[in-house]
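Dropping a structure here in C-alpha cells format, bear with me for questions.
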C-alpha cells in the first residue's frame, strides 16, 4: 500500500508543480476530529472509533505524513467523548469544527447523533465519516451533490437493509444447517429507543423476506433482568431468537435465554467471536454471531488478521465490537490518499476525489467505492459457534442483497 | 467534696446568655431543688450538668472529677442521669423497651433484667402495661416510666426536670411520694427543678432559688420556705404563683 | 401454566435483588439523615471488586466477601470525611453524592476501563421441574437475600443495638441522654447499608455482566422500594420489593413489553398517593437534626 502511495505522491507533486498554489490550510497539520461514545451505554461501539483512527493516524505520521503539493503534513488527532449523550456530542462537534478548525470528523456510531452533527460539519465544509443510521434516509443524490447540505458527509457502512439482509441470510443458513430442521418462527429482541427502532425495522423485513414469521419484542433500554420477557418469548415457541442491539446488553440477555431454554438457536448481534472465546462462553444451543465488517476473533483474511494484531498491540481493549475500528482505520487512510491524489486539502476537491476513487483497504476483498448517495457496500461476516465449544467457529462472508426486501424503505 | 459540685457556671445559647455565675452542690443521697419562675434558666442548667449543653465558663465536678464539657453518655456512665422535661419517653417503643434503654450505659446483663423486675414492682403500672407502646400511657404513667427509665441506669444523682408538668393534683401527689422514697429505695440523690413550689418544698432538704439565670438564694428548705425572697418570687406581680402549673421553661 | 409459574419464579428472583438494594437504602435514607445517591455506584464497586478477585484467580465467595469489606470500608471513609458534615443540611449530602457518582465512575474507568466485566457463573446448574426452569444461582440470591433480611430485621427489633438505633431515630437528644452515642450509630448504619450494597454488587455480577454505568438504574429502583415500603422499615422494603418484582415479571410477561418500566412507576405513584408514608409506614426521612 505504501509503495502505491509513493507513486501517486510523485505524480501529485508533478501535477501540483503545474497547477497553482494549494488551498490555504490550517497551520501545522491536517486536523482530524473524533466524536464517539467512550463512556455511557454505547461505549462498546464508540470506543473503537478513536482507537482505529489513532492507529491509522500513527501509521501515516510514522510514514512521514500526508504528502501534498511538495509538502508533508502530519495528521493531528483530536478525540472527544460524547458520553452517549446527544447534547454532549453536539457540543463536542461544535468545538472541534468552530474552535479547533478540523478538516475531517470521524464519528459517531450512535444513531440520531450523526444527523445532528451534519448540520455542524456541512456548512463548515468539514468532511464527516459516520456510521449508518437515520442519516441513510436523507442521503439522496440531491443532498450529496456539490452545494447540497450533505455533500461532505460519507456513510461508513452499507445501507442497513444490506447489512440486515446479508446477516439474516447468513444466520438462517448456518442455524438451519446446525439445527437440522426448517426454521419458521423467529423472535427479535430490541431496545425501545431510536437505535433499536432503526435497526429492527430492516432486520425484521429481512427475516420475513427469508420466510420467517417474526415477533418483535421491544424492551426498556435499561433492562438488566430479561427473564420475564424471555419467558414471554418462550411462550411464542420460537425456533430462533435474535438479539439485535449493542453487544453489552446482548451478553446480559443471552445467558438468561439459555438458562430458560427459550429457543433452538440464537443470533447475537454485536458480539465478536473473539469476545466469546475470551470469556470462554459455552452454549448447548447453536449460536450465531456477526461482525461489522469482519470478526477480530475469526479474521477472514491475512490483511485483517495483521490489522487486528496491530490494533490490539497498540493497547486497544478486546471488546465486543472492536471490529468496527477497522472501518474507521480504512477511511482515515482513504482520506489521506484522497488528499494526496487531489494534491490539496481543499474540501471540495478532496470530496470530488473520494467520489471518483475505488479504494482497496482491509475492510473488503474488493475495492470500496461510494455510490451516488455517498454510501458504501461490503459484505458481512457471520459465524456459527459450534455447540459446547468456546473457540470453534464456522464463518461465512455473506454478500449483501442488491435490492431491499418488500416493505423496506432502503434507508 | 460533694457528689455534685458546680462552680461559676455560665451558659448561653449563641449570643444570648442564660445562666450567670451559678454555683451549687448536692451531697450523697441528698434531695436538693432549684426553684424559680418560667425562663429562669433552670432547665438549661440541668442540661449543662448532664452534658447536653456545653457551659461557656465554670466547672462541673462529680465526686471531685472534672466532667465539664463531656458528652451525655460519659455523664450517664458516671452516674448522673437526667429525666428530661416533658418526659420524652419513646412513644413507639414498648414500656419494657423504654426501661431497657435506660440501662444502655450498663454492661451487667443479668442485673439489668433484675432491675426491670424491680421497677415493675415499685411502679406497678409498668408491669401491667409492659408490652404496650409508651405513647399509650397517660401523662402520669409516662412520668413514672420516665423516672423508672432514669433509675435503670443505677444513678447516683437523678436530675428531675419539672416532673409535675401537666399532671393532675392526684398524680403530682404520687410523684411526690416516689421522689421522697428515692434515696430509701434506690440510693440516689436528687436534683429537682420545679416551678411547683409546694411539691419541691415538700420533698427537698436544700433549695436554691434561681432568677434570670442567677442563684439568688441558697439555704436549707425550712429557711427558704419562710423567706421574703420566696414570697416576692412567687407572689410578685406578673410572676407565676405558688403551686400553679405553668408553661415549660 | 408452566409459563405462568415461570413468571412467578422470575418475579421472585427479580424481587430479591431489588430487596437487597432497597434494604440498604431504606436504612440509610430513613434512619441516618444522609442522602446518598451514589449508593448505586457502591453496588457497582462491589461488583467490580468481585470481578477483580475472581479474574485474578480467587473464588467467588472470596470475591463476595471482598466486595462487602471494600464497600463497607468505602462507606466508613466517606461518612467520616464527607457525609457527616451534611447532617445539619441533608440536601447538601444529596448534591455531594451526585458529584460522588461521577467521581466513583471515573476512578473505576481510569483503572479498569469502561468495558463490560463478567465472571463465570459461580453456580452453573439449572433445574427443570415440571416445565419450569429454576436457575441455581438465582435461587442462591433469593436465599441470601432472605438471610440478610432476617438478620437485619431481628437485629433491629430484638438486639440492644437495634433498640438504641430506633430510639435515636425517634428522639436523638433523649437517646443521647441514655448514653447512646448517636453519631456512632449513624456511622454504623451507613457502613451496614454500604456493605449491603457491596453484597448486592457481588450478587449482580454473579447473575450477569456489569459495566461501570449500572449504578444509576439500580439506585432509582432502590429508592423506589425504600419509599414505597416506608423509610427505615425493613419489612416494608421486603413487601415493596415483592410487589415491584411481581409487577415487573407479570407486566413483562403479559403487558406491553416496552411499557414494563411504566407499569412499575405507575404502581409506585399510586401507592405513594394513597399512602404517602409507605405501605408499612416509616420515618419522614432526612431532616435537619
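In order of appearance the chains are A, B and C, and numbering begins at 1 in each one.
Here is the rule we use: a contact is a pair of C-beta atoms (placed from the backbone, for glycine too) under 8 Å apart; a residue touches a chain by one contact, two chains touch by 3 or more.
None of these values were measured; they are calculated from a predicted model.
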By C-alpha centroid distance to the whole-protein centroid, which chain wins?
-> C
Which two chains meet at the most C-beta pairs?
-> A-C
Subunit A and subunit B: spacing of chain centres that average the CA atoms, whole Å | 79
Any idea how many Å lie between the Cα centroids of subunit B and subunit C?
-> 44
Give, as an integer number of Å, the spacing between the C-alpha centres of subunit C and subunit A.
-> 38
Residues of subunit C defined as touching subunit B within the complex = 160, 163-164, 166-167, 170-171, 173-181
For the subunit A and subunit C complex, residues of the former touching the latter = 38-41, 43-44, 47, 192, 217-220, 222-225, 227-229, 231-232, 234-235, 247-248, 251-252, 255-256, 259-261, 279-280, 317, 319-320
Please give the residue numbers of subunit C that touch subunit A in the complex, ascending.
-> 3, 6-7, 10-11, 13-14, 17, 105, 109, 113-116, 118, 120-121, 126, 128, 133, 135, 204, 207-209, 211-214, 217, 248-254, 257-258, 260-261
Of all residues in subunit B, which touch subunit C in the complex?
-> 50, 52, 71-73, 76-77, 81-82, 84, 88, 90-93, 97, 100-102, 104-105, 149, 153
